[in-house]
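See structure below.
Note that the chains take the letters A, B, C, D, E and F in the order they are written out, and that residue 1 is the start of every chain.
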C-alpha cells in the first residue's frame, strides 16, 4: 500500500498545486515533496532487507491481456525511490520563486502557463518515476516509463531555452524510439509467456516473473533481439554512446530544474532498467552481447570525457561528464559481478545527488552572471566563501575522491569491470583521471584567478540556495563515509538478479 | 374607376378554396364552354363563292363619276384635296380644249387626279366636299398589291368606264337625305348628327 | 443463332463503349453509351431477364442518360472544350487500364473450365418470380434503398438549389 | 410457326399502316376540331370537307426544300426526327387491338406481341422517345431549339414518374404487367377507371405531358420558342416530328382506352352477338371509338386550356401528381387489404 | 435493428423539423436520439439476432461498433454545432448526417454482400453532399467531386469483386459464403479450378474496393484533397465514423468470409499496410496544413488498422474496435479545435495564391471567414496556449493520443494492434509500424510545439499578412466557446484518458 | 431457353471484363467530368451484365435482384454527382477536372 501511496500522492498533490494560485504553488509543492520524502523514509524504516518484493500492491488492470497493476519494492527499488524522494524537494526548492526576476528565456513567455503547471509537472514526474522504479509488471513499467517522458518534455518545451522546439523534439523522438523498441521487445517476450487458462480464454501475463521465465526460455537468437531492443531503449535514456546525441543539447537547453530531473533521476531509469529488466530477461543475450555493450559504454566514457575537457560551457561540461559516469555504471552492470552491480547501485545514487548539486551550481552561476561559459568567469572564490566551499565538495564527490560518495561507487564498479576484463578496467579507470582533469580545470577557471567585471558583483548564497546545497553536501559526505546501509539494502536484490543470470 | 357594365370581376390574391385549387371543376367548366361552341352554327363564309353583305354605308374605293353624257364631272376645284385629312389626293387642272366637251363637263378639268390608297383613310370627306357630285366612295375593295407605287391610283383607275353598262352604281350613297343635305350649302356637315 | 446474336451484341457493346471513352463530344459519348445500354439490354433478353431488360432501358436509357444529356445541354457543353491531358497521363491511363484488362482476362481465362449450368428449373427472370424474391428475401434492402434515395434526394436538392441570400 | 410469323408480319404492317393513317387524319381532325371549337369550318377545300387535306399536306412536306443548318451536326440532325418516329411507332406493338380472330381453326391474336411486361415496354419506349426531341433540339444549334429540348427532357422525365406510379396502382389491382391480360380482365364492364379513378386522372394528365400536348406543349410553344425543338426543321423532317406527336397521341389514347376503359371490351354486346369473330371485330371497332374519343379529348383540351408556365408545370408534376400518385398507391393498397385481395 | 430504426426516425424527424419549424430544438433532440440509439444497442446486447433472412445480424460485434459509431457521432454533433446552426439548411445537414450514420450501422452489421454495398452507398452519398456543402467555396466543391468520383470508382471495383464472388459461389450471404470458402475442397471438387479463379479475382477486387474506402496506400490519393477541401466538421466525420464503419465492414468480410483464402490476400494486405504506414507518415511530415496533415495521418492509421485484418484472430476485432474508438475520440477533439482555430484565423492570401484571393468567397456570415483552405495552416496554431489554454490542452491531448503516447487511448490502440500482429508473427511489419509511429510523433509534436511557442517576433514587424497573423488574430477566449464545445472538449479529454487507463472497458466486451 | 445454355459463361465474363476495363480507362483517361461519370456508369453496367449472367448460370434470382440495387444506387449517385457538377459549373464555368486544383500539397 505504501508503494501505491508513494505513486499516487505526488500526482494528487500536483493537481492541488495546479488549482492553487501561482503564489502558493511552490509552497504546496515543496511540502508535498517533503511529505513524500517522509513516506519513503517510513517505508525504509519498514523495509526488511532480505525479503523479496515488499509493500506489494497487486490489482488486475487489464485482465484480458494479463496486465496487472503490480507495484512493489525490493532493495534496488527502494534505493531509487529514496533517491527520487530526496532529490525532488531539493529540485523544487532550487527553483527561484516567481518574484525573482525572470532569467532570459528561462521562463515561459506566456503568462498563462504558470508556476503551478511547472510544479505539477515536477510532481507528476516524480510519481511516474516512482512508478518506473517500483512496477513489477512489464506493461506497467512501460506505461510509467512513457509517462515520465511527458512532463519532462513539457518542462523543456515550456520553460526551455531559445532553441527548445527543435531540441525537445529531438529528445522526445529519441527516447520514444527507444521505448517503442522496448515495447516491441516486451510484447514479444509477453507473447512467449504461457497461456493461463484460469482467467478466461487464453490470457498471458506481463508479470515480471513470467517475463523473466519466458525471456530466459527463448533461443539465443531471439534473446539477441530482445537484448538489443531493450539495450538501445535504456542506452538512449542513460545515455550511452552512440545514443547520446540528444543529451548535451537537451541538458543545456532545458531549465535547470528540468536538467536536474533528467540527469539526477530520469537517467537512472535507464540503468535501473538494465538491472531490473534487461539482465534477467535476456540472460543469453547478455552473455553473448554484454561484451559489446560494455565496449560501447567504455568508448562512451572516453569519448565523453575527452569532449568534456574541450567544453567551454560548464553546463555542457557537466552534461558530458554525466555521459561518462553513466557509461561507467553501465559497464559495471554488464560485468555481471556483484561488485559491478553493487557499484552501479551506489553510483546511481551518488551520481544523482552529485549531478543535481552540480547543475544547481551552474544555475547559481548563470542566474548571477547570465553566462555559464568557463572562460568568461573567474575569481568567484574571492568573494563567496560559502559557494566556493560547497561547490568544491560537490565537485570532489563528482570526481570520486575517497570519503565522498562517488568514490565508493566508482571503486566498486572498476572492481567489477576488472573482474570481467582487466584491459577494460584500465580504460574505464581513465575516467577517474580525465574526470579530475576537466572538473578541476573547470573549478579553477571559474572560481580561482582574477575577479572580472562579470563576477565582481557575485553575491554569496541565499538561504534557499544553501538549503539546497547543504543537504547535498551532507549526503555526499555521509554516503562516502558510511556506504554500508546502501550496499546492504541493495545486496539481496542484486544477488537475486545475478542468480537468474548465472543459475 | 366606375365600372360601366358591371360585368367585370374584381380579382384578388385571396387564397383559393380547396375546390378551386383542385381546378378540375374549372377545367370541366371551360371544356363545356368550348364544346358548346363545337355545336354552334359556324360563322364561316365561303369567300370567293359567297360574299359577305356590305353595310349600306360602306366606304370603299373611290370613283370619279361621269355625267349622263359620259363627261367627267370633276373640275379640279381641289376642295376634295383640301378636305382630305390624310392628304391622299393630288391633282393638276387643265383647261378644256375645244372639242373636248364630250369628255369634260366644264371648262376646267383635272388632267391628273391621284389618290394614294395607302394614305387614304376612307373617311368620305372628299365626297362631302365635292361640289360637283364627282367623287364617291363605293363598296368596291382596293385590291392588294406588292408594290407601294401601284397604290397611287390615277385617273385610269378612278374614273368610271365610259360604257353605260359598266358605270358604277352609287345610288346607295345618294339617298334622298343625302341629296337634300348636299343642296343646303349652309348646313354644316355634322349638323345631321346633332 | 443465339451465339451469333451474342457476338453481334457484344461487338456493338464494346465498340460503342470504346467510342464513349474516345469520343470528344460529350453528346456523342452519351449517345454511344445509350447504344451500349441497348446492347446490354439485348444481352439481358438473351439471358431471359426480360423484366430486367425493360427496367434497364427505363432507368438507364430513359432516365439516367437523359439526365446526363440534360445537364450537358443545360451547361451547354457542346463545344469540345476539353483541353487535352498531356500524353504521359494518357499513356499512364491506357497502360493502367490495359494492365487491369490483361490481368482480369488472364485471371478469368481459367473460368473456361467452369461446368455448364444445370438445366434451369423455372423462369427466374419473370416478374412474379423476382417480385417474390425481392419482397420476401430481399425486403430489408428494398426498404433500406428508400433511405438511400431519400438522402440522395435531399442532397441533390441541397446542392442544386441556389442560395437565396 | 411459319404462318404465325407471316401473320404477325401482316398484323404489324397493318398496325403500322393504321397508325400512320390515323396519325395522318389526326392532323386533319385537329384542324377540323380546332375550327369547330372556334366556330369555324376548318379545311374544306381539298376534297369533300377537306378530306384530302392530309394528303396535300404530305405532298407539301415532301416537296419543300430540305434545309439543314450549316453549323449543326448533320447526322444528329437527321437522327433526331428518326428516333422520334421510330419510338412512337414501336409502341403500337404491345397494344391489343382486339381479341383474337379464329380463321380456319387457328386463333390469331390481334396483338402484335403479347409480352409479359408490356407496360414496362411501353414506359421504356416512351422514355427513349425523348431522345428524339433532345437530339434534334441540340443538333439544331439554335437557342430556341435547345431550350425546347431541355424543357422537353425535364418535362418528360418529371411526368414519367407520375405516370409510372399511377400505373403501379393499376398493376396492383390487376396483378399483371401484360397489357393483353389487363385488357382481358376488364371484360364485362369492369373497367379499371371505376377502380382507379384517381390513377386514371393522373395517368391522363401525364399522358398529356408526355406527348407534349397542350397545355403541356412548352417544348414547342410557338409564342415563346418559335416552335421549340423543331424550329430549324423543315420539310419531311419536320413532318416526322409532327407525325410523331400525333402518333404518340394516338397510342396514348389507345393505352388509356386499353388500361382504363376496357380496351376492346364492349359491355353487354355478348348478349346480342355470339360469333367470336364478329365479336372481335366489333370489339376492335369499339376500341377505336374509344381511341377516337380520347384523341378528340386531346384536341378538345388543347383548344380549351391555356399553356402552363414552366414553374407551374414542374409544380404540378412534382408537388401535385407525384404525391397524389403515391397517395393513390397507398389508398389502393389499403383498400385491397381491407377487401382481402392481399394479406 | 432498433438502433437503425432510431437513427432513421431521427433523420426523418430532422427533415420534418424544416416543415414544422422546430429547428431550434433539433440539436438537443439529435443528441438525445443518439444517446437513445446507444441505449438501444446496449439493450440488444448478447441477443445476436438475424434480421430479414440474414440480411443484418446484430451480434455483439455489430452492436459494439454501432455504439462506437453513435458515440462518435454524439461527440461529432457536439463539436459541430456551429456547422449546423450557421447553415441555412441545417435540417438537411442533420438529416444527411443521420442517414449516413444509418449507412455506417448497416456496414457494421451486414451479413449479406448486398447490405454491405447498400450500407457503403448510404454512408457515402450524404458525405459526398456534405463535403460539398459550402457551395460557393471552390475547394469544398472540388472535395465533393473528388470524393464522389473516387467513391463511385471504388464502388465499381467492390461490385465487380462481389459479382465474381457471387459467380464463384452463387450466393451473397456471408454465412454461406464462409462455409463454401472455408472448405477448399468444396470449391475445387464441384466448381473446378475455374470457380477458384473467379473467387480469387473477386476477393482481390473487393480488397481494392475496400482499400479505396479506407484510404490505404496506393488507393489513398484522393484523401488529402478531400479532407482538406471539405468543411472541417465533415472532414471530422469522414475521418472518424466513415473510417470506423469501413474498417468494421472490411474486417467482418475478411474475417468471417475470406479467411479461408488468407494465404491469397495476406501478402497484399501486408504490403498495403506497410506502404500506408510509411507513406502516410512520411508525407504527413511535409504538410503545412493541419487538415492535410491529419489526412495523411489518417492514411497511416488505416495502415495500422490493416494489421488487424491481417491477423484476423480473436484479438483483431477488439483491436480494431478499440483503435477506432480511440482514434475517433482523438480525431474529433482535434478537428473540433481545428475548426475553431480556422474560424478565428483570418484567411490570408498567400503570395502564390493571389489569384485565389481575388475570388470572393461570399459564404459564411462574417464575410468569407470560413475559408476552408484559408485557415488550418500550422502557423495558425502558434501561441494557442496563450490565447486559449483549454483548446490548447485539448489539442495537445488529442495529438498525443494520436501519436500513441501512453497512457492515452491512442497508445493502447496501437498496442493491441501491434501485439496481435506480433502474435501472428508479423515481426517485420510491426517494426515498420513502430518506425511509422515514430515518424508520426514528429508531426504531432510539431503541432504541440507550435501551440506552446510564442508568436515569432520576427513576424510582428513583417509585411501586411504577418501583421494580420500576429495582431489580427482574435483572441480565442474560453468565454467565446459554446457550451457544447466546452462539453466536448472535456468529454474527449476524459475519454482519451479513461480509455487509455482502463482499456479493458472496451476490449473485454468483444 | 436462356442463352446461358448455349453460350459459355466464360464469354460473358470476358465481355464484362472488357467493358469494365473500358470504363476504368475512361475514368483515368478523360478529364471531362461528365464523361468520367459515364465511364463509371459503364463500369456498373458491365457489373450488371455479369450479375445477370451469373444469376442465369446459377439459376438464382438473387443476382438479378442485386442488379436492381445497383441500378438504384447508380440512379442516386448520378443525381448527386450531377448536382455536384452543376454546383461546380456555377462556380468555375467548366467541367474540366484539371481546373479543380486548388487542393494540392
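Convention: contacts are C-beta pairs under 8 Å (C-beta built on N, C-alpha and C of every residue); 3 or more make two chains touch, one makes a residue touch a chain.
Fair warning: this is a prediction, and the values are worked out from it, not measured in the lab.
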With subunit D excluded and the rest untouched, write the groups of chains still joined, or say one piece. A, C, E, F | B
Would you kindly count the fewest steps from subunit A to subunit B, each step being a jump to a chain that touches the current one? 4
Hey, which chain ends up farthest from subunit B, C-alpha centres compared? A
Hey, which chain is the most central one here, using CA centres? E
Using mean CA coordinates as chain centres, what's the subunit C-subunit F distance in Å? 5
How many angstrom between the C-alpha centroids of subunit E and subunit B? 89
Length of the line joining the C-alpha centres of subunit D and subunit E, rounded to whole Å: 53
From the C-alpha centre of subunit A to that of subunit F, how far is it in Å? 65
For subunit C, give me the residues that contact two or more of the other chains. 55, 63, 67, 74, 104, 108-109, 111-112, 114, 137-138, 141, 145, 148, 151-152, 155-157, 159
For subunit B, jot down the residues that touch at least 2 other chains. none
Sites on subunit A at which at least two other chains make contact: none
For this entry, which pairs of chains touch? A-E, B-D, C-D, C-E, C-F, E-F
Seen from subunit D, its contact residues with subunit B in the complex are 33, 35-41, 201, 300-301, 303-305
Using the touch rule from the top, collect the residues of subunit E that touch subunit C in their complex. 8, 11, 15, 51-53, 55-56, 88-89, 92, 95-96, 99-100, 102-103, 106, 112, 114-115, 118, 121-122, 125-126, 128-130, 132-133, 135-136, 144, 164, 167, 191-198, 200-201
Touch list for subunit A against partner subunit E, complex: 61-65, 109-113, 142-143, 146-147, 149-150, 154, 157-158, 165, 168-169, 172-173, 176-177, 180-181, 183-184, 187-188, 190-191, 201
For the subunit E and subunit F complex, residues of the former touching the latter: 114, 117-118, 121, 125, 128-129, 132, 135-136, 138-139, 141-146, 148-149, 152-153, 155-156, 159-160, 162-164, 166-167, 170-172, 194, 198, 224-225, 228-229, 287-289, 292, 356, 373
Subunit E-touching residues of subunit C, taken from the complex the two chains share: 104, 107-115, 136-141, 144-145, 147-148, 150-152, 154-159, 163-165
